[in-house]
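Next up: the structures, one after another.
Shared between the two complexes below is chain A, which has chain B as its partner in the first and chain C in the second.
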Partner chain A sequence: MTILTVALKYLRGRLVASTLTAVSIALGVSLVVASVLLARGIKEGFIAGATDYNLVVGAKGSPTQLVLSVVFRMDLATPNIGYTTYRDLQEDPRVEKAVPIGIGDAYRGFRYVATDSAYFASLPWRRKTFALAAGRFFADDPPSDPTYEALLGAEAARSTGLQIGDRFYEGEEMAEYPLTVVGILRPTQSADDRAIFFSLSSYWGMNEVARAMAVKPLTAVLVRPKRMSDLPSLHRTLNVAAETQAVLPSGVLLTIFNMLAVAEDVLKVILVIVGVIVLLYVFVSMYSATMERRREIATMRALGARRATVLGIVLTESAALATMGGVGGIVGGHAVAYLAGSLLGSSGLVTNPFFFDVAEPAVLASVVLLGTLAGLLPAVLAYRTEVAENLAPLS
Partner chain B sequence: MRRCLSLPRVTRRLVAGLLITVAPTVLFAGTEEIPLLTFAQLVDSIRADLEVTEKIKSYRGKEVAIQGFIVPAGPPDLSFFLLSRVSALGNYCCEAPVGQDETVYVSTEKPVNITYDPLRIFKIVGVFEAGMRADATYGPSLFRVRNARVEEALGAKIFRTGDFPAPASKP
Partner chain C sequence: MNARSAVVLHNVKKAFPLRGGLDLEVLDLEHLALPSGSTTVLRGRSGSGKTTLLNLIAGVTVPTSGTVRVGDTDVFALSEARRDRFRAEHVGYVFQTFNLLSAFSALENVMLAMMFAAAVPRRLRRRRAADLLARLGLAERLAHMPAQLSRGEQQRVAIARALANNPPLVLADEPCASLDARTANEVLGVFLSVCRQDENTLLLVSHDEAALDRAERVVDMAELNRTEARRDAA
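Entry: the complex of A and B
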């Protein structure tokens, strides 16, 4: 019989206690793994979903609200700006591309986004590309003749079950202006997957107030400067204006990352405490098992087992428990991250649930090492078990 | 035996003294050689035809340090950003916005781990490039720093054009 087979036999002998110890290790490890994966997933989700445009121009107010609503569709839309702001930006010699955006209501939770064909254009500097899975893009119709054609993001189409040619609306007041599905986009792994796009003319046509306005409303304008060095001056010009604010979307995201970093630091402290508790649990479990088995160990020693063999058995038990718990924890951590990622996805943030951290083998090795170390003192106690003392009659 | 193996007290003191004297020189030897370029130098280097002077060209391909405000013009992972003499968020200040001559296009290879603050001065160290060049993603630029490292520049000053009397550092 090898040390490993004896150790596994001992573990099977106290199956409930061994399972509970392995589960407690697994829970601790899965908490660490899930937290790390989610923190990184959220950050990478924001980075991947960020707009290619360098400036978001909207009404005065919260820069975070403007970026979250226009780029990530995660917040309420900011107040309107005039269409003239878009016209002025188009004519500005510093601007290469300006794209108007109108954020509307929603259909079954999927936001209405009004824009023009420029939003979907493939340009040399754009990372994001839009491709059709079915149908066509909506027409750039004149304000006098809105077509009410809708283009669905991949997730919006999948969740609502809408097909090409379907007509839909939400709310009594929209019954007069139903949208007709003319196209469905391929997944972009961004908030655009959860959007329902249509033309600005349709956006204005649906709303009684907007129909009557001489200067039509917009929520925001996405801006790309001809030269990046013009960005600070554009930013300044639009911010000192009475009605508009200009926001660098990456600046807002970096501020959010700063806040996430503080939360991550707090989480790290909590995770260290959880780790210590789990290690203590392993120690207590192995200690009590060793104390219970003193007579068995003494018998083994009387039958010729060396002290080193006894030490090896207890350490192998600890290592086996830590390995089972560690592997279970990594698998469990990924499962929790996947579930949490799915929940976050419904709020507009896309995370990568299948992300594998290169540090995970190191995490497993650390768990096995620390788990084995937690069994060191019980192993030393077993090592020092006196044969004569522990084989004395019990009565 | 123990006495035989241990170094004599005088020798130990000598070694400790040497370490204290030499260690800082060895540790900081690399950083001393990196010249610090200022925005004032960059502005002064531009001629009427947007050509840059031979002096500033001599830094091309070499590692330099520049201090300024980060304008996150590119992706939020800061793989690309602008370094500017003026903060991007000083909306109501008296300072006029800067142009191409006071903006450095910075690209990084390794992840940037900083606490971003639009009103804080950062120091970037990387390979300097000067001269007009057009990039498909970020457009035309005059001054660039690639493979940059970013660190906080505590207590740093940003000199306005003409404020900086000292001559340029040796290339």
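Entry: the complex of A and C
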């Protein structure tokens, strides 16, 4: 029998109280771990979605709205720009890659995104890769002969239940232009999972106004310069133009992260309060256990236990509770992050709940240390228990 | 000091501080010696200082003055930590209300006492605890929790615990007071029998006639404690 086995016996002896205390620690730690994982996952999701292209070119207006709508499909589409903007950028010697984007309506909440095959191309500098789960990519059809072929993102396909060969449309006015599913993408853990892609020709074909326009409309153009040194001049050229603005997604990300930072600060305060409440709960639990056990502590001392031994027993109990709660909290935090990530992942906010952060051993160590410290005062009370005084009424 | 005395107290006084700077003297003892291997019954009325005397001998209460020797050791010349260790290895203590630890089985309660001493090697502790409980008639109750035992069985576990480290001195504070007469007689019989077999020196606080009859010596606190005598005279 050792101090550890005695401490564990005592914990088992008050199983309900011990379990509740460990669960409360686990809940607190879960909250911290899940919040950290989700915050990081959301940031990574934004970075992964926004950093493949250096510029997003669209109509003048809110830069944040442009990036959120074109890259993350999280806001209303900005006004249109002309297709000629895309043509000009394609011919610009400073541009390595320009990809046209048209943001349309939605089918059952899944946004229509018109583009061409360049959007799905594998390029050395691209972090994101597109692969087919079934079927094929839509054809790059000419404006005169739109095919109305649709390529579904993984979540769009899963949620709508559409299969290869299915025809669909949203609203009676679109019944004349049904889209036919020709392919389904594998999950990319980005906003593209919730998109329904088709060609620009189909995009223009299904819109009465666009059909009549001599210069076809686009929502935006994604641009990657040949050299980073070209980026400032491209940025300036497009911004001085009357109709267009060029936005650096990294700048918008910074704005978004600044907004998130405020939420993170609030979250930190909440987490600190949760931590304090959990520590108080551990303290109260250990304090009441020690007070109830004064006679047993006095008995142990009368049997020869040193003051340091009873101090060690109470501290070990606290540490064991904190360890159980801490481990449970880290596992629970990953589980919560996984569940939340599953919900958020399909909206383009990525998280990897199985990613083990190097800080987690430090989190566990901190939990054990703080939990043990919460038991310090009760342990000191046990240490100071007067033997004769606490045996006297009963002996 | 008598070489054959297991315990010797000399000019021991104990006073407890009261509010207002006053002290309450509860014990004033000139001399007490317990022969090694003897069984002594200590009797006296309530408040006569019996429990205080046991606590002084056990080293859990510090005397105001005087010396307490157990064997060759001046108990209060030791540091508190060493006194704890000394108590674990040399003094067994049986309480009136058993004081078993509720979260521990009968076997674990006995093994717990061995954890505080180095008298029994770690690998032998389980066997020694089981053997002691078997000698006290509890071979079938090793895994039982205190709440699952009768009061008589609980006190037998407490006796086994006091004897766990084979201490030369065993102190018992009215060990049968909370038992019915028949159970008290049974428990006392087993207790005295085991102590005699193991040649433990036993100091027993009791008013039980059966205990008084079986003791080699009976010490009356009214004669031993000068504070008590002064109180009576007043």
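Everything below uses one rule, namely that the second predicted complex is superposed on the first by the 386 of 395 C-alpha atoms of A that agree within 3 Å, B and C clash if a C-alpha of one lies under 4 Å from a C-alpha of the other, contacts with A are read in each partner's own complex, and residues count from 1 in each chain.
FYI, a contact is a pair of C-beta atoms (placed from the backbone, for glycine too) under 8 Å apart; a residue touches a chain by one contact, two chains touch by 3 or more.
Nothing here was measured: the structure is a model prediction, and the numbers come from that model.
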For the three-chain model obtained by superposing on chain A, do chain B and chain C clash or fit?
fit
Once chain A of both complexes is superposed, is A:227 in touch with chain B (first), chain C (second), both, or neither?
first
For apex chain A with the CA centres of chain B and chain C, the angle to the nearest 10 degrees sits at 100
Touch check for A:46: first (chain B), second (chain C), both, or neither?
first
Look at A:261 in the shared chain and tell me whether it touches chain B only, chain C only, both, or neither; answer first, second, both or neither.
first
Go through the superposed model and pick first if A:309 touches only chain B, second if only chain C, both, or neither.
second
Nearest Cα pair across chain B and chain C, whole Å
26
Considering the complex alone, what residue numbers of chain C touch chain A?
51-52, 55, 58, 60-61, 80-81, 84-85, 87-89, 91, 93, 95-97, 99, 101-104, 108, 111-117, 125, 161, 165, 173
For a test of understanding, state which residues of chain B touch chain A in their complex under the given definition.
71-78, 81-82, 84, 86, 88-89, 91-92, 97-100, 103, 105, 115-116, 118, 136-142
In the complex, chain A residues that touch chain C
1-2, 6, 9-10, 12-14, 295-296, 299-309, 387-388, 391-392, 394-395
Once bound in the complex, which stretches of chain A touch chain B?
46-47, 50, 54, 96, 124-125, 225-233, 235-237, 239-240, 248-251, 253-255, 257-258, 261
